[in-house]
Amino acid sequence: MQTPILEVKNLEVSFATYAGTIQAIRGVDFQLFEGETLAIVGESGSGKSVTTKTLLGLNAANATVKKGSQILLGNTNLADYKEKDWDQIRGKKIAMVFQDPMTSLDPTMTIGKQIAEPMEKHLGKKAKEAREAALALMKDVGIPDAEEHIDDYPHQWSGGMRQRAVIAIALAAEPDILIADEPTTALDVTIQAQILNILKAQQKKRKMAVIFITHDLGVVADVADRVAVMYAGKIVEKGTVNEIFYNPKHPYTWGLLSSMPTTSTALGSLHAIPGTPPDLLYPPKGDAFANRNAYALKIDHEKQPPFFQVSPTHEAATWLLDKRAPKVVPPEEIQKRQAYWQEHFVKEG
Amino acid sequence: MARYILKRALILIITMWIVVTATFFLMQILPGTPYNNPKLTQSAIDQLNATYGLDKPVLVQYWDYLINLLHGDLGTSFQYQNQSVSTLIGQRLPISAQLGFQALVVGVLLGLWFGAVSARNQNKKLDGFLGVISTLGISTPSFILAIVLLFVFGYQLDWLPISGWGDSFSQTILPTLALAVTPMAITTRFVRSEMIEVLHSDYIQLARAKGIGEDQVIQKHAYRNSMIPILTLIGPLTAGLLTGSTLVENIFSIPGIGQQFVSSIPTKDYPVIMGTTIVYALMLMVMILITDILTAIVDPRVRLQ
Amino acid sequence: MEASQDFELVGIENVAATEKINKPTLTFWQSVWHRLKKNKLAVISMYFLIAISAFALVSTAVVSQNSANQFNTNAGSKYKNLPPKSGLPIPFWDGNGTVLGSTDKVDVYEKNGVDKNFILGTDNLGRSLGKRVTVGLRISLFVALAATAIDLLFGVSYGLVSGWFGGWIDTVLQRFIEIISAIPTLVVVTLLAMLFGSGIGSIILAIALTNWVGMARQVRNQTLTLKERDFVLAAKTLGESGPKIAFKHLVPNMAGTIIVQVMMTIPSAIMFEAVLSAINLGVKAPTASLGTLISDAQQMLQYYPYQILIPSAILVLVSLAFILLGDGLRDAFDPKMLDE
């Protein structure tokens, strides 16, 4: 197996607030390999955005990364980084595409300058060179008539165009890893596909690894190689995109997939997951999903489940995979997916 | 741009006309006459009325006043016989303008500095200290501060001159300080909250994600964005300074228009009161116009029409 | 090690237990109070203002305006300009001061043969400053509160009308505000005070008529936002009348804004009262207000600084308390700045 370019081990992040300490990330492990796209999926508040902000040291001042957390980029552990160290990482090694293009660009600086800024800093380009490079990059991400618009200010552009500029800024210093934090959520449906295509094309061209944060499983199916499902500050299941979509093991993943509208499969009806995620001021002692889980075992309420290996690439944290657990019948939608899995993936080997 | 300035100038002229008209007719209905001396005989009063044109019908007086105003003539003072109001104000305006300008510059610059420092150290001790200073600053009217400064640095410590104007720069220090504290306090609070909002904005987070260093983030992105709204504050600050300067000039015996305005109230010197009102309003409106134009120049989002 | 019965399928259980640990739900005003309590300065200011107001109220029964105005013409020079004396050996509060023609510090009380202690000293007519300040504070607070009450009524109505009707009404009303704002407040107050003549009523009116602009602006902006909200649209669809919507739906929803604005208007009114007194347009002698006390003592600053510093300090303290409470309320009504 190849060595990962980024490895996160036992990441724990908490936030000090007036009300108490919120344990936003409660032990997250994952690996990222060269050139792949890892999607992190979860509802809002599951900790997916906090995880990626931690990778860039961008959390708010009241956040603490717990001692013993590891974020290994090559031989360095980013979890130990001080504020001044991060400048060698941000933009240059790891860059980020933000969610809302309407508010992510500095309203008082021309777009060309905003794109050129990381180039001057990290690639040592002079102002004129950087401007040329910014222009080329603008064309690359599909901004039409870039020459005429390089000195525009953000307010003169539409959301879709601004998100292209945000992508160009992220690509400017040629990062190895690109984090896309719900890059299409704030956009019109018609624009979403264009932005996804730009991201995919640039990833291929630059051989970047991409961490794609989203709550939209449709987008995941479109872009991801591997998927990690997050719930209440933990990863509950991770595997290849096919393993997660057609052979899911965690009841939360079942719930997510059942609540996803599909046109290709057109199976059954939509199901909402009952209840709300737990308050991470007081994390439950057992499986955080137990109180919304119709398949919860007694032990789920008492003890957090470990990861059970399903295949070399697939693991899930649920007591249902323990050999002592009773056999349960998953929801109808999942049964159909598993049947599809048996037919298309298992037979072929 | 030219069209915008022209349009704004036109609005300014119309507003000025309304101000002049309102003040003129207000003066007509104000109680009392300038000739309170009981020894004045009726014929003497008639003669004075003729001199000042007060015997004509009100509308004619109004028309004359407007025409004279266009020539820069604000009439003749009741108090200082044969002195034209324009001359009186003309002599004193540069003094008041210098004092006001010094106070505005000192106050706003200190406020920008304190506000930015406060925001960058949000909820730390320094922020708390500057918060106390600025809150005390807005709670203390400039004339009370003037009295305290006069007492401490003038009488008790004897460091600085306590009155007068024009002999030395040191005479301007205490009145400038007394006037500068309110704009300083208001600017500090304003800049702090603007900058905290900017520092939490998405575009600052994006700038940080570029890895250009915190200093660059602040200098190239945060300052510019949090300083632009300060321009809108200059108008109200100027208005406050005009109010404060009248009493501060009085306390430090500075021969400015504020002091003259105060002394013309008990003597019912209406031409001076009117003239001062008009000059004040004009100064304030020109100041607001200038800051609006400046905002349009530095803020790309503001479209001129 | 887990026993096998632990693996029994139980599904969703204990929902009640998990709901319990959620934060208790507070009403809007409860949560405002909850957040305000965390701001110690604001709470101290609030209690200080309550105490000051209670003092001002109770003092009406104890110290009358007349008793504070009276002075003994015969024994005037004996009681004149006595420094504050607490009766305790506290520096600057021991009755020691200089008398005219000498630079030595002596106990002025002993020298003049006064056997009473004046805690805050006396003025240049021999009147007790303690009484004068008590009455002055009362008058200043009354003027400020009355002016603010008028502001509240006028400013809120003006803002509601302007925002609710919009169109040409809004344009006209806003132009009027622009014109008013083009004249410095002091000039407007001065002209109005001259127009109305002297007396407490006219000062109140003059201050009120200059201070309402801020309130009107805030209320108009809030009205413009609120009138597009669903609950107002719903009320409109149900055929509720304009005034009913205004008082049932708009005003309660902008209560926070209005209260904060009031907290900022009161100190400004207190200051304007003092300014008017300083230019001889304030309350008429012998009535005392903080403003007249300050302006009367101005000539004496060099020799009897306590006469001016005491009322000045009280004025600043009261203004400070209103502003601190106003800041605290603003954060409590709009908590987004507090987190972190």
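Labels A, B and C are assigned to the chains in the order they are written; within every chain, residues are numbered from 1.
Assume a residue touches a chain if its C-beta (ideal position, glycine included) is under 8 Å from a C-beta of that chain, and two chains touch if they have at least 3 such contacts.
Quick caveat: nothing in here was measured; it's all calculated off a predicted structure.
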{"item": "Interface ranked first by C-beta contact pairs", "value": "B-C"}
{"item": "Farthest chain relative to chain B (centres taken as mean CA coordinates)", "value": "A"}
{"item": "Centre-of-Cα separation between chain B and chain A, whole angstrom", "value": "55"}
{"item": "Interchain centroid distance [CA atoms averaged], chain B/chain C, Å", "value": "24"}
{"item": "Centroid distance [mean C-alpha coordinates] between chain C and chain A, Å", "value": "52"}
{"item": "Complex contacts: residues of chain C adjacent to chain A", "value": "2, 4-15, 18, 21-23, 38, 338-340"}
{"item": "Interface residues, chain B side, partner chain C - complex", "value": "15, 18-19, 23, 26, 29-31, 135-136, 138-141, 143-144, 147-148, 150-151, 155, 193, 196, 239, 242-243, 246-247, 250-251, 261-262, 265-266, 273, 276-277, 280-281, 284-285, 288"}
{"item": "Touching residues (chain side chain A, partner chain C) in the complex", "value": "17-19, 60-62, 274-275, 278-279, 282, 284, 290-299, 301-303, 319, 322, 324-326, 328"}
{"item": "Chain A-facing residues of chain B, complex", "value": "201-203, 205-214, 216, 220-221, 224-225, 228, 298-301"}
{"item": "Touch list for chain C against partner chain B, complex", "value": "178-179, 181-187, 190-191, 194-195, 197, 267, 271, 274-275, 278-281, 294, 298, 301-302, 305, 308-309, 312, 315-316, 319-320, 323-324, 327, 337"}
